[in-house]
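What follows is a set of notes on a single structure, which appears directly below.
Lettered A, B and C in written order, each chain numbered from 1.
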Amino acid sequence: MPENVRDEQIAEPAAQDERRFVSTQAAEHAHEVPAAAIAEPIFDVRDVAVFYGDHRAVTDITVRLAKRQITALIGPSGCGKSTFIRCLNRMNDLIPIARVEGQVIYHEQDLYESRIDPVQVRKRIGMVFQKPNPFPKSIYDNIAFGPRVMGMKGDMDEIVESALRRGALWDDVKDRLKANAFGLSGGQQQRLCIARALATEPDVLLMDEPCSALDPISTGRIEDLMLELKKNYSIVIVTHNMQQAARVSDMTAFFTVELDAGETHRTGRVVEYAPTDKIFTNPDDKRTEDYVTGKVG
Amino acid sequence: MTGAQIAAAARRQTTVIPRRRRGEAASAWGFAGLMYGAVGLAFLGLAAIIWDFAGDGASVLSWDFVTSFPSRVIPENAGIESAVVGTIYLMLICAALVVPIGVMTAVYLEEYADGTRWYNRVIEVNIQNLAGVPSVVYGILGLAFIVRGPLSMGPVLLAGGITLALLVLPVVVIVAREAIRAVPPSIREASLALGATQWQTIWKQVLPGSVAGIATGVILALSRAIGETAPLLVVGAGVSLRFNPDGLDSSFTALPIQIFAWTQDPNQEFVARAAGAICVLMIILLLMNSVAIWLRNRYEQKW
Amino acid sequence: MAEHARIHFQDELRSLEGQALGALDLVVTTLDRTLEALEHQDIELASIVVNDDDRIDGRFLEVHQGILSLLALQAPVAGDLRTVAALLHVIRHAERMGDQCVNIAKVMPLVGHEPPSDEQMLERIFKMGRLARSEVAQAKQAFVLRDVSLAQDLVRQDEEINHLNREVFRRAVEIGTDEDRREWAMTMMLVARALERIGDNAVDIGEQVAFVVTGLFREFSDASHV
């Protein structure tokens, strides 16, 4: 067979050595998914960095988070995933020494512009936390809290029922709406927190390790719920559980933590941001490969 | 050695769970004994006090005793109505002042104050100090600024109430801060994440969750105030008044004052009346503490 | 800063790879024996080859089970997952190659002790045998070293086998009218075909090497280009 025919058929360039991971320079921008891939992002994050006092906790985050999809943030401890997700609903404002630089464009507005009220931001972007944190009130009052504080118009009974249905909890509690929320099991409490966040009709749900404190069955139910919810909501989830990220998410961002030259400061950044399938079958960056295969923790 | 002997020797050498050493058991018992002894001593002291006044006082107690006014001359007719009413009014004024100011101060310190600012640090340090200041100093404060000085109210009910309020305010602030701090940050986070403002979070989540603790603390602070004699003396409470206070600007007396006066009296009969007044004061204290305990048990928030 | 975790899993994966690639060593041994039996008309050696195929089949089952366990229990991802998937292909190809050797060994009693033979055909067939053996060994080496260029080189050798196969076919067509000779020639064609299939399987293993390294599956050469 003539040489050139063979070359055509073998499109992949023969590697000089075994390593076929892209060079580090290329990897710097590997996470910037081509714009065409996510045409209408729900969050357009540009050069975001978070400082706690003088310490730079995360840096150089530029990603476009997809609408009505689930985006997972994975990475080792201390890499800034939780810090980053809290930027999206301005929860970092609650920490006095925290400072956020960069832009987070949401519905064509930069959330960190000076005239934006963080309270209004949080009405449209819901959040669920690692440990379920229902209020010590009745189930009804838990769900109704957000709408009441917002001054939502409408029949509160209907609003509560609708939220509980969307949170896959209605059937469990419809006969005991006045019972104290603390009487629910852990998995139910977390679904209550999800329903509570949905009651204010956000279009985004941020979830910071929502299943870490739950048993596998409850975890499975909440993952099913997430897959159902993504039809109407954009979801961003931080998770330590890689299998969970693999199971539920459409896009995955891998964070890593870097030590500075003096080996004193740890700064997180996004190394690779790609469809989940790619991250778990054929990632571009060696650091991603090492993390997901468990070689480096 | 036989097989059985070998096995027994092996067992002795390799006991998986070692037996308790001799000294340990003895010291455990000794420590328990000391603890019971301490409790016993405390109860003994309390019993001695109660025995002391109950014996004398019980015979004096009667409905007449509580509903008649004190007399300087005839012990048998001396009652404590004015003192009881004065005490109750003082407590009401004290509570009315101390609850809002104390709770708001606690809310400010816990929820709004930036701990790095110098003025906040000054406040922090001094709250603890103020709680330990001798009560007579508060009396002098009241005398100088409220009874005389800028406010110049004179020795009236309101002045006494304000002085007592100043006395217990630090305690209420401390207690309220503890109760507010007991509300976990996760509750605040959840509320804020839902789009509530900080004030809405405090008013609708934090305060309702700390009400039991605050109420309990307020009652305990008041039960301390109820027995304070020195500040009221300095401020100018009256003795053996034959009328109930008829307004905030009226002279007043209180149970501790009356007790103090009667125990000074050379007439033994009056001393006996004092014992009776002490019984009444003790009963009021017991009631207040019972209410505090009931409130705590009923409404305490377990997070 | 690199902490190495999942050492147990890495060891298991390496061991599984050793087992799968070890099967290729078994294939080389089997192929050597087959060619020797063919050359010296050794019926006994041929029957040993047939019986020993059980070893390769057994290895197939072991590796297959090992892969299932690893997938279920360790949930490999990324490069590890590609390796595991590739090993499944490798062991399957090894088993097929073993079967082809058995096919060759089985035709031998048919040929008879004093067979009519054609020098040209025999020469080409033994050349094919040597090339096939070299391909199997090289495929194993390429996998061990994860060397894509070594894997791609298999195509060149395989083309030679294909060329020789075509020549054997032509010789068989031109062999003449003698019945015995024709029978022998057709039997030799079956042998040639079996050797050619062994070569194809080796090239397939080479494609798996490229898949593990690059994450993309591409055929090195279309089977239709004979």
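In this text, a residue touches a chain if its C-beta (ideal position, glycine included) is under 8 Å from a C-beta of that chain, and two chains touch if they have at least 3 such contacts.
Note that the structure is predicted; figures quoted are calculated from it, not measured.
*Asks:* If I average the C-alpha coordinates per chain and also across every protein chain shown, which chain's average lies closest to the global one?
*Replies:* Looking at where each chain's C-alpha mean falls, the closest to the middle is A.
*Asks:* Quick check: more C-beta contact pairs in A-C or A-B?
*Replies:* Of A-C and A-B, it is A-C that has more C-beta pairs in contact.
*Asks:* Need the CA-centroid distance for the pair chain B / chain C, whole Å please.
*Replies:* It comes to 92 Å between the two C-alpha centres.
*Asks:* Could you state the distance in Å from the CA-based centre of chain A to that of chain B?
*Replies:* Chain centres of chain A and chain B, defined by C-alpha means, are spaced 50 Å apart.
*Asks:* In their shared complex, at which residues does chain A touch chain C?
*Replies:* These residues of chain A touch chain C: 1, 6, 9-12, 14-15, 18, 20, 242-243, 246, 259, 279-283, 288-290, 292-297.
*Asks:* Contact residues on chain C for chain A in the complex?
*Replies:* Its residues touching chain A are 1-6, 9-10, 75-82, 145-149, 152, 155, 159, 210, 213-216, 218-222, 225.
*Asks:* Which residues of chain A touch chain B once you look at their complex with the stated criterion?
*Replies:* That would be residues 89, 91, 94, 96, 119-120, 122-124, 126-127, 129, 131, 133-136, 145-146, 149-150, 193, 196-197, 200 of chain A.
*Asks:* Touching chain A in the complex: which residues of chain B?
*Replies:* The touching residues are 114, 184, 186-187, 189-197, 200, 204-205, 209, 301, 303.
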